[in-house]
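First, the structure itself, so that you have it in front of you.
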Amino acid sequence: MFFASDNWAGAHPAINERLLRESTRFAAAYGTSELDRAIEQRFNEIFEREVAVFFVATGTAANSLSLASIARPGGVVFCHSEAHVIEDECGAPDFFSGMRMVPVEGALGKMEIASLEGRIARYPQDAVHHGRAAAITMTQATEVGSVYTLEEIEAVSATARTHGLPLHMDGARFANALAALGTTPAEMTWKRGVDILSFGGTKNGCWCAEAIVFFDPAMAKELPFIRKRTAQLFSKSRFIAAQFEAYLKDGLWLELAAHANAMADRLRAGISTSNSARLAWPTQSNEVFAIVPKTAAKAAEEKGARFYDWLEPRDMAELVGEDEMLIRLVSSFATTAEDVDAFLKVIA
Amino acid sequence: MFFASDNWAGAHPAINERLLRESTRFAAAYGTSELDRAIEQRFNEIFEREVAVFFVATGTAANSLSLASIARPGGVVFCHSEAHVIEDECGAPDFFSGMRMVPVEGALGKMEIASLEGRIARYPQDAVHHGRAAAITMTQATEVGSVYTLEEIEAVSATARTHGLPLHMDGARFANALAALGTTPAEMTWKRGVDILSFGGTKNGCWCAEAIVFFDPAMAKELPFIRKRTAQLFSKSRFIAAQFEAYLKDGLWLELAAHANAMADRLRAGISTSNSARLAWPTQSNEVFAIVPKTAAKAAEEKGARFYDWLEPRDMAELVGEDEMLIRLVSSFATTAEDVDAFLKVIA
Amino acid sequence: MFFASDNWAGAHPAINERLLRESTRFAAAYGTSELDRAIEQRFNEIFEREVAVFFVATGTAANSLSLASIARPGGVVFCHSEAHVIEDECGAPDFFSGMRMVPVEGALGKMEIASLEGRIARYPQDAVHHGRAAAITMTQATEVGSVYTLEEIEAVSATARTHGLPLHMDGARFANALAALGTTPAEMTWKRGVDILSFGGTKNGCWCAEAIVFFDPAMAKELPFIRKRTAQLFSKSRFIAAQFEAYLKDGLWLELAAHANAMADRLRAGISTSNSARLAWPTQSNEVFAIVPKTAAKAAEEKGARFYDWLEPRDMAELVGEDEMLIRLVSSFATTAEDVDAFLKVIA
Amino acid sequence: MFFASDNWAGAHPAINERLLRESTRFAAAYGTSELDRAIEQRFNEIFEREVAVFFVATGTAANSLSLASIARPGGVVFCHSEAHVIEDECGAPDFFSGMRMVPVEGALGKMEIASLEGRIARYPQDAVHHGRAAAITMTQATEVGSVYTLEEIEAVSATARTHGLPLHMDGARFANALAALGTTPAEMTWKRGVDILSFGGTKNGCWCAEAIVFFDPAMAKELPFIRKRTAQLFSKSRFIAAQFEAYLKDGLWLELAAHANAMADRLRAGISTSNSARLAWPTQSNEVFAIVPKTAAKAAEEKGARFYDWLEPRDMAELVGEDEMLIRLVSSFATTAEDVDAFLKVIA
């Protein structure tokens, strides 16, 4: 009953098997091996165009280096007020890019266009004192389990284009969003105007595989230096490539994400019919937010369930009663229906 | 015949096996799992004292964050003129620490004490314009295959103490040095006055396992924040811990290093009796530097041998003849005696 | 009718006269002259204790270096949501300190204690992902013309102490606040728990004189290096010292501030009895915020009046009618009663 | 007998007079006044082309922001091994630009082309690990009193062009060099291939007036933000403009520099015929380096002479005898022939 986060899961057997195979041979270091090249080519296929791909150690690194690659002095970056870049990365995006994250409001973890426009208006291109708009970053799937529709992505990118701002997508849960929308990687990114993508594999079956994808390779020309200078270039980079090879092979990644989403939906369904718990808000990917009696949460924990209290640090007291608690439940490729059912039982 | 670098090797079966086992279970993320705790405890045993340990993604990160943890505004860091921190990390140590690397001369990759003292004297503690001495970093084993003796380490740390400077050791090839000296981790570090160690596992059989070890845990108090803010905190950190568990178990790490060193010695012995090649300088760990006819080098490459030209980028023309070439040969845990003998044959 | 900002004024004759005198002699550079020493001593007298004083080029520098001196990795700094450090310094405090500014709400430009406590609670000392509380900065007088009472300063510093956070005061208009409260420099700072002060002279009769004052000199030990490394150490530093000498002599600074405040009060009084204009909120120092018909503002501008539109960039539309405008009027040491009366006439 | 540095002098009466006049009026802040505009236009005339000009607080700022404006991740900047940017600015250029200063050798403070080429060759454009060549900075006049000829400047800029590197000139003593060569500002800069100039006024009669001049305004487009973000934008910027107005009017600046140079030449002449002292090397601008008996130096100091010991911190022991001392003597616009003669007398 591990629902604390999808990064509590291990690694998928197919990925392990591929790592094993990789470990017995020699190959060129620092991302210059044939395997590295081949996987870069694989990303071209996945995204149906020539892209520039860079492997990095963590999702925080993927986001931070993406923003560093489009940094402008005095620039500010617009993100949802609950985005990982502003809430959960200890200022790494600010440190690497030299820019400030500016929060934009919006329901269900998605930036509302009017709020976004309002924020951008406050940072015109000649605002030497206040700072100038430099980039937009959106999270797909969001931090609260929702997913931008293709039309919503298009609306964000239209705003970005209007103001001449590059658009970054934090895709730590990219596969979950893709599975939720039932669309293609190309449709969910560059065809909708996304310029740079943090492509996450770690939360969905790899143990450490994050990539930055530039849809216009010309935008990536400083990245090799930015990556090395931030200590993110693995010597045995091909072990990241190997994970991605297995991950992307025969649609494994989408299968795993679909499974995780299905497990979340099973949780959702169980909670929605529960007497004691209720859904905090609708979600679409692999995260479910529920309001449960504190006693039930405590009992579940005692029986081994793991999840996060989402109430205290997030100022969400208005949502819940005094004896209640807002909890986040995250499913992963490794979550089983038995786990879900067991949890629903202990929480009931 | 892969002698380009020890990071061209794969990963050791015992480490793979441990990773496999780890991949099937759930555990707490971001370095908070029981396994992370257990391995931290294991480092205490290895170093015979309470230490503070932090896993990071790369050796460059280990060095850069070590220096960041002891950063002082306007500080300079003394290192050998051929050290990795000044030659091969694209300025990451400068970026993360805000300090400048100042080169110190010395034969065979080791800082000469007189040169070190001379450099330090130029950066007194009140040198607001010039910059002030803030730290010393030494590399063990060095970039050119030599190893500081315990007495030599003691001499560097005595200098550091005299001037009140913390001493960092870049141990990307720590195990190789340890095997070469036949001493203990404690003897080669804190008992000789080393304060912080970059402890490398990647070059010696892991695929990605680097750690920063603080011998005085009080010095490490900012490191958790520094690590997160530099995007170096793995969510599935326990997979680093798992590698280290296998690596450190039953002396595997020393065994692998001893093997790599033995293979280098076999190379050395072969070259020293060769008619066509000769040793550039004596080495003690798993790197051999040889001067070979350009034609022989070319022939070897055509037969599949891989090694680095060490001449051009390093201004070492005075060492070699016009038709010669200075090459670096690095052995690893995965190098076989057959590889070595085959290479000696093609180079002859 | 120059009410755009107090930094539109020139320099006071007594300060000019002192600069003239300074210009004819030689003296040691980089803040080491006898005059520099003497003025440092003068600050001791002004603040009734031993302080450490550092001259810098701009108010932005004073704030940024103050925060840099107490920087902690992953730290966040709490400030009012309209504070200069977060709204008007192009990210300099973030760049110099490596910390993020976190906005705190509160009426009239003053942080409300409950809001401040709420913000601090979200950044506990072990919040590696989210960031940790590291400092508080308050502005006295505030950006909107109000002044914290001594009790209010005490309340902020009590909060700071409770959480172990150093307290910085942005005193770009320190003299105006002092004059408004009729208290002493010591009472308004360290006796109320302030640790570091940006002491501004530029807006009140100097042409370029800003200082950082540490009430505990031990906290200042890194500042000389921070200042030099940020290119803020003037070679002819004594010309700053000379300005401060004249500024602080015989209470000139308080006299000038009292005059500026009186002129603002004259503006306030005129507006409060005006038929066309009204006060946006009460103010106490040398800034008046008024709501005027757009036509009146336009007419005033055409007759030479200068002031800032405070509406558009600040999202204050709810305060004013469609045909109205929120303007900021700042008086200075150089503002005359004639100027004020002329303005009141044209705006009427 | 103040020969410690040209920044020990005060300010020229014409500049003071202009400052006085400026102080009595109001004008727009932050570099937007008519005077700021007019002086920018004045620089166009001085340099015979359209330039972009930015005032900053210090020479260190001018150099650091110049380099920041052409910064590239992983870039290195080539400078003479005794240049101010690497020796005397506490790492400010590194901090502001994120680049590393790489020393180039050469006699008399001037980079030798062969050494420069050799250094550049070590930092090719694809050197992700080592760092890549990004800029060259040269000092005119140099730190040791010499002056690059126009042909020598051309040779440096030819090297820069060959490698596609922008060329910056540190002109803290630009006027002294100009007077020494008897050429024009245009001839000594953009007509010889210089891209960016730190134009210093402080050492030559202003009390605080430094500017960055971009010969291609398109290169300056980020500078307004870089300047504000580094706290270098003066609110009363027009007081810098005013200094420059007087400084540049009717050739005052060249007159003052010619005077300073003449005083240095008088020193040189006196020392060259002295029995006790001798010249360390030939100089051409306003700095003279002399080797004197320690006893003579001590006696001179006791009689009030001020100068710097140039021996100890610079490793120049090979130049002087055991009882001797290498001293630097700097003349300025305020140095008198009487001062020089008095000094020559006490040192004899």
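As written, the chains take the letters A, B, C and D, and residue 1 is the first residue of each chain.
To be clear about the criterion, contacts are C-beta pairs under 8 Å (C-beta built on N, C-alpha and C of every residue); 3 or more make two chains touch, one makes a residue touch a chain.
From a predicted model like this one, the values you see are computed outputs, not experimental measurements.
Engineer: Among the chains, which one keeps its Cα centre farthest from the Cα centre of chain D?
Structural biologist: A
Engineer: Report which of A-B and B-C is connected by more C-beta pairs in contact.
Structural biologist: Comparing A-B with B-C, the pair joined by more C-beta contacts is A-B.
Engineer: Between chain A and chain B, tell me the centre distance in angstrom, where each centre is the average of that chain's C-alpha atoms.
Structural biologist: 34
Engineer: What's the distance between the Cα centroids of chain B and chain C, rounded to whole Å?
Structural biologist: So the centroids are 50 Å from each other.
Engineer: What are the residues of chain D that contact at least two other chains?
Structural biologist: 30, 74, 89-91, 95, 128-129, 225, 228-229, 233
Engineer: Quick check: in the complex, which residue numbers of chain D touch chain A?
Structural biologist: Against chain A, chain D makes touches at 30, 68, 72-75, 128-129, 132, 222, 224-226, 228-229, 233.
Engineer: Under the definition above, what is the set of chain B residues touching chain D in their complex?
Structural biologist: Against chain D, chain B makes touches at 74, 76, 87-91, 94-95, 98-100, 118, 122, 128-131, 313, 315.
Engineer: Across the complex, what residues on chain B touch chain A?
Structural biologist: 2, 4-5, 7-13, 15-16, 19-20, 22-30, 56-61, 64-65, 89-92, 95-96, 202-203, 207-208, 225, 228-236, 239, 306, 334
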